[in-house]
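Chain naming follows the written order as A, B, C and D, and within any one chain the residues start at number 1.
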Amino acid sequence: MTLVRKLYDWVEVRLGISEVIEKEMTGYLLPRTINNWYSLGSVLLFAFTLQVISGILLLIYYVPDADKAFKSVSVIMNEIPFGWLIRLCHAVGSNLMVATLFLHMFSVLFMGSYKKPRELQWVSGFTLLNLVMGISLTGYLLPWSQLSFWATTVATNSVGAIPVIGEYLVEFVRGGKLVGPPTLGRFFAVHVAVLPLVIAGLIGAHLFFLKRTGISAPPTRNDPATTTRQGSSYHYDKHEGGIPFFPNFFLHDMTSVSIYMACLLGVVFFSPYLFFTPDSFVPANPFQTPAHIKPEWYFLANYQILKIFPSEIIGLTVQGAGMTFIALLPFVDRGDGRYPLKRPLFMVCSLGGIAMFIALSIWGHLS
Amino acid sequence: MTLVRKLYDWVEVRLGISEVIEKEMTGYLLPRTINNWYSLGSVLLFAFTLQVISGILLLIYYVPDADKAFKSVSVIMNEIPFGWLIRLCHAVGSNLMVATLFLHMFSVLFMGSYKKPRELQWVSGFTLLNLVMGISLTGYLLPWSQLSFWATTVATNSVGAIPVIGEYLVEFVRGGKLVGPPTLGRFFAVHVAVLPLVIAGLIGAHLFFLKRTGISAPPTRNDPATTTRQGSSYHYDKHEGGIPFFPNFFLHDMTSVSIYMACLLGVVFFSPYLFFTPDSFVPANPFQTPAHIKPEWYFLANYQILKIFPSEIIGLTVQGAGMTFIALLPFVDRGDGRYPLKRPLFMVCSLGGIAMFIALSIWGHLS
Amino acid sequence: MIPVRISAPIRILATLLFSLAVSVATGHAQENSCVTCHGAMPGKYGAPVPLWKSSIHAENNVFCHECHGGDPKDLGNAMKPDRGFKGVPKETAIPETCGRCHVGVLKDFLGSAHGKRLGSGGPTCVTCHGNHAVKKASLEIINEKTCTKCHTYERARLMKQAMQETEGMITTLDARIESLKLQGKASETMEQGLFNARNRFHTLFHNVIAEKVRSESAAIKKDLGTIGAQIDAIEQAEQKRKMVGAAAIGGLLLAALLFRLLGKTYDN
Amino acid sequence: MIPVRISAPIRILATLLFSLAVSVATGHAQENSCVTCHGAMPGKYGAPVPLWKSSIHAENNVFCHECHGGDPKDLGNAMKPDRGFKGVPKETAIPETCGRCHVGVLKDFLGSAHGKRLGSGGPTCVTCHGNHAVKKASLEIINEKTCTKCHTYERARLMKQAMQETEGMITTLDARIESLKLQGKASETMEQGLFNARNRFHTLFHNVIAEKVRSESAAIKKDLGTIGAQIDAIEQAEQKRKMVGAAAIGGLLLAALLFRLLGKTYDN
């Protein structure tokens, strides 16, 4: 009986840890047909953790004050040992995380995993996507560069188009009539505390939903036309005879995480300025509007929608309607079938939607 | 069938929520003899939440920079609407939270609840006490007042007495030879991000241990001389026939939380400067050492121990030994009995220890 | 906070503070050859030393040579004229000697009825303030004994009365502001206001026109009243908070009671 | 960052930038009575207008009256002497006219062999720089055609050669620093160094002593070399990072492969 074994037994007597491990790890069974798209959730958990860790390290030297923010970021990039690495990982990581969230959503979309009984997973997941975009937006202001300042000015401006409360809302968000030092304080608190907590909480809920329902099996051409679960009683998808989460799928997860990390470092080391424009390295100047301020790539479609409509309020309404439609997709698309090739209308709409999103983004980038 | 009922049923089909509620709330039974000391855990959860919320609000206007920190705190106290309330709640709350932690620990001590199979609860709880003292210490520096500056200088100095690595450690903690701007950055990151995360994680572990073992019943004079659980197998303390956590004990918890909150507001409104000295309202000045810098009341015993021993290293060793003893108490005190009046040696040692702690604190305060 | 245009009193204050800081830092506070030699001498040559030691000058590290010249660091040549030694100033040179530091006061004094009689029977600085044992200036200096050395006390009494109340107000406000400050209240503007009012008040002391003293005192008291009102407002806000706080605490204790009672019903 | 002691070139630069900003802000860029009237005139009275419009002066909003005086805002009285109108400057007054703005250059020119012959056959500013169509100064101004108007080209060629390389270095370094800056690298000290070297270099242009040009150019090149070395160091560090990065990425991909293979064995 080794020391480790002794320790394990000691804990076992007190906590019944073997039962927990059985339930969450080795006895948590996944469908045999599970594919690598399913590991994107773990990749996202990893990506979020990486953002938290790099963010905490940045907190040591970053100063959330309009006079000092830009300089403090410059010090981090140039003087603090490995400051450049941590900052680039954080900035590039946020972009890759949003990209991975899109992939995660698309895979769920095409495998029809959002359907009953997993509506709540979809809604919480889509909310998470939006919150992550929000935490990226608030983080964008913090370096207090020309890009930060003007991108935030543009982004907060559009809020003003909301009828009645719009103007009040803009002032509340900015802490004043214009983007300025109070905006930085607000965005800082939201970026480092409010949104991380809300996102962590919602990740918890997302995983809780997942564990209570059981994971979905990938759809196949031979799926029965009706789901096995029509009734009004709760049922946990056990996937008997499936593969265990640990070690089998955990190793899949680790493969995907390693590849994600390789991509992240690829950008950090070989194209570190992919997500920066020259305006990112000029301190914010409220008296000088740069020529071409564009939001981050994942906001380009929204930006272009606002631009192509004659009035901002129409643009906002269209966006709101689109977002609501996506959020409520499981309640709209209630058919039983999940195999995409058997659902032509769904395929046309989804692919069309994605194509439109990409087209709008490119248009926004070029215009 | 009302709308709420419909919604509940909808969620029930998907998540089997009734099972969760049964397990965690109405079916989670506590011993009938449970007393109000048991609600201190909930009070502490509430206190921690309050610190997190008030802390996030303070983040909006606080600037963690040596040039701006003091002024920003002054602005919060004098200009921001309700800034004074939030800041006082945070500062007073930290003191009350430490006090409540002491009470929680004493109740566990005298009810012998730390004994097998709950050693891990004790160890995690004692670690939490130390972490909360740590988060208080790091928060103490942030206003960058004379008190902050010199108390931190004194506190970090004593680390230097550790042999071999002491000097290196002091420099690492301070980010330089002396307390200065880099120290503020470090303490800020630790205070707002590192320690809150670690504490939240450990609270999770503490609750997990609690839920796996089941809660202890208060000891009585008539307890059997041997515990019911001598074996080497895991057993959950069900307390069959006990009262449910919800709503019964939850209402006890709410009573205690209300009283805690009343105490907090009592200090905030009627003795707001109880935990401040005049030096708290003078900006930090590295060239002027104030006459009587004392640590917060909960560090006075440690401070006095360091002072009464001829060399700092002996003082630190004594403290370390004492702390280790308390941390490992369940492994030292392994007897079966839990009813304190039947354990004279234990009573003498505990009361003696507490009396010594209080005496040292008073001595430290007066000296 | 120091205003951009630095007035004479502030300059003096700054100089005092600086010299104080330097003296303390270099640690040679009371050691210099003047004190060493004269302290050991009997009679009139040694007498000034203990007097000086009890003075506000000694308290603020203003040394012998600062009035009498000479080089306190060089025992052998301390009193040589080529080291700037001046000895006892002539009566008519006294205001100028004191005025080297007390710039604003010199101007006020020379313009006053007192100053205009300098050399023709009028008082000099030391007539009222004494010389070596010079004390912190206060209203006590205006008293029957001193004033009646030259003229009747009547007008002086009127002036003193007019100023007494103001002096009291300043002292009280100073204490109140200090206590707010030690509670972390923003007191900069009030402190600045009081500082200005006190300076304005101090210029009155050497202006010996009763009517002007009365009218100026009234204006200063008005300013002080404004500051007092600001302090009152802060203290009233504090009182209001206490009332809201009491209500909140009452509510919480009531809630605690209700939770307890509700809990009881479930327990049974 | 502006150094504390502000040298003449910087002062001029600041003035230029300021007047530029003001002109742009007030939006009256090219409208004034000089241009309005003369632009419509034929022959020699109208000729300067298009020339000026193509000049660096027009580009930087330096208008007719700034050399010729007069009041461009008052059409009727624009050319009255009492409005400061000067007309065409006399030959000997030309350096002084240009030197009102180009202060440092005037000093250099007057001290040079060129300047010492002012009025006795030597060149003035406009001999080399032209008058109305004045272009941005560059090494191109030193050319056989211009110089041989007065003397042989031999020495001028030597000077040009000595300066050409420096000019190239400055241009290259400027571009390299700019590119570092757009990557967020700390470039302040290098920028400051280049700014100083460039100023020092510019003073050489009006000093027509071949030996001095050569020795000064060498010293400036040495300074530029130091800056170049700093940039090299940054770029090398970047290269080194890339290598470490490549290794890390390789390691991760290998790990991915191993995890995959291990996963396969469990799956089967």
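The definition used in the following text is that contacts are C-beta pairs under 8 Å (C-beta built on N, C-alpha and C of every residue); 3 or more make two chains touch, one makes a residue touch a chain.
Just so it is clear, the model here is predicted, and its values are computed rather than measured.
Asker: Tell me, please, which chain's centre (mean of its C-alpha atoms) is farthest from the centre of chain B?
Answerer: D
Asker: Measure off the straight-line distance from the CA centroid of chain A to the CA centroid of chain D, and report it in whole Å.
Answerer: Each chain's C-alpha centroid was found; their separation is 49 Å.
Asker: What whole-Å value do you get for the distance between chain A and chain C if each is reduced to the mean of its CA atoms?
Answerer: 65
Asker: Of all residues in chain C, which are in touch with two or more distinct other chains?
Answerer: In chain C, no residue touches two or more other chains.
Asker: Can you list the chain B residues in contact with two or more other chains?
Answerer: Residue numbers touching two or more other chains: none in chain B.
Asker: Looking only at which chains touch which, which shape fits best: line, ring, star, complete or other?
Answerer: Graph shape here is a line: each chain touches the next, no loop.
Asker: Please give all chain pairs that are in touch with each other.
Answerer: Those chain pairs which touch are A-B, A-D, B-C.
Asker: So in the complex, the part of chain A that touches chain B is made up of which residues?
Answerer: Spelled out, the residues of chain A in touch with chain B are 9, 11-20, 52, 55-57, 59-61, 63-65, 67-68, 116-120, 185-186, 188-189, 192-194, 197, 208-209, 212-213, 231-234, 236.
Asker: Using the touch definition up top, name the residues of chain A that touch chain D in the complex.
Answerer: 74, 77-79, 243, 247-248, 251-252, 254-256, 258-259, 261-262, 265-266, 268-270, 272-273, 276, 278, 280-281
Asker: Once bound in the complex, which stretches of chain C touch chain B?
Answerer: Touching chain B: residues 181-186, 241-242, 244-246, 248-249, 252-253, 255-256, 259-260, 262-263, 266-267 of chain C.
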